[in-house]
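Written below as structure tokens is the structure these notes are about.
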Amino acid sequence: MFELKVVTRFAAAHQLKMVGAKCENLHGHNWKIEVYVGGKELNKAGVLVDFGEIKKYVAEIMQQIDHKFLNELELFNDNIPPSSENIALYIARALQDKIDGSIGDSVKVTRVAAWESEDACATYIAD
Amino acid sequence: MFELKVVTRFAAAHQLKMVGAKCENLHGHNWKIEVYVGGKELNKAGVLVDFGEIKKYVAEIMQQIDHKFLNELELFNDNIPPSSENIALYIARALQDKIDGSIGDSVKVTRVAAWESEDACATYIAD
Amino acid sequence: MFELKVVTRFAAAHQLKMVGAKCENLHGHNWKIEVYVGGKELNKAGVLVDFGEIKKYVAEIMQQIDHKFLNELELFNDNIPPSSENIALYIARALQDKIDGSIGDSVKVTRVAAWESEDACATYIAD
């Protein structure tokens, strides 16, 4: 199979209710996001899908979360705290929705990695 | 299992027939290539295979495509355009051939990633 | 599933008995280590496990090998030479032991990557 990876970034604030950990304080990160989409067949141009199309969708998703206080967004709540894990999950689902509505079944989001620092990354891996 | 990754780079020109996309123009990239080989057993030296051997084969393959206009090479044609996807696939097959002829069945190319920019990467993943 | 990746580094000397290769000479590297742990469920804080906890365990393991001559450690011997492959395997097992004794069954070490240079990485991938 083939897999495309697109890298982007966003900056935001968040706060997690983790007993005794410093993540409880309101803080923020420059997240680096790595989005992976996969499929079996290349099109006539020899590509899985135009990188530009994936980048466009990813940019639209980034607009929803960039320079925001994530805890205040409707996307997250006490049951879905804005951890890097849940940020990755949200991006994966939002991107899959956009792909389903345009490219179709041939391309699936396989994983989304959210680096909250240069040494710490949380990845959602689709089934 | 164990997997070795070797990173290399090459620069070349290419042109893709993608309706309405800027990739139709003759252009080029500094590709970063990540080659992965995997296997189950380590040898007596405690390694899957000497990195130097994989690097030598990868360097031979790079010589075929570095500083070339990829569309003019016999490796590619209208049915196999020199997209990053097909570049990754070509490198994977060429490296597997070299491994089959020297190291043998114990080491398989598992994937080849072709970064055409710092934010866009196409990977061929072997079955 | 979700996967966390933590990146760290250590510097050490080693020597490998590889016929005719330069790795036979006593030498050293600044290794970059990427540790991956995976699991299916997020906890109430919305995370797989606190990054801080994994970082603490990884730091403890690094203390055992950082600024050492690896061939002289009890961890390695003629049957388990201190190759990047065996370093990755050792870190994976040591980290899994620490996780088993604290976090429990829900989190598994999925892989450990040991970069011995910017262009060469050996990864142990757990079954």
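By written order: A, B and C. Residues from 1 in each chain.
Basically, contacts are C-beta pairs under 8 Å (C-beta built on N, C-alpha and C of every residue); 3 or more make two chains touch, one makes a residue touch a chain.
Note that the structure is predicted; figures quoted are calculated from it, not measured.
Engineer: Could you report, rounded to a multiple of 5°, the rotation needed to superpose chain A's C-alpha atoms on chain C?
Structural biologist: That pair's rotation angle lands at 120 degrees.
Engineer: Have a look at where chain B meets chain C and say same if over half of the interface residue numbers show up on both copies, different if under half do.
Structural biologist: Shared-number fraction below one half, so different.
Engineer: Taking each chain's centre as its mean C-alpha position, how far apart are chain B and chain C in Å?
Structural biologist: So the centroids are 27 Å from each other.
Engineer: Listing for chain A: what residues touch at least two other chains?
Structural biologist: Correct list: empty.
Engineer: For the complex, which residues does chain C have touching chain A?
Structural biologist: Counting only chain C, the residues touching chain A are 1-8, 38, 42, 44-48, 50-52, 55.
Engineer: Going by the contact rule at the top, pick out the chain B residues touching chain A in the complex.
Structural biologist: For chain B paired with chain A, touching residues are 16-19, 21-23, 80-86, 88-89, 113, 116, 118-125.
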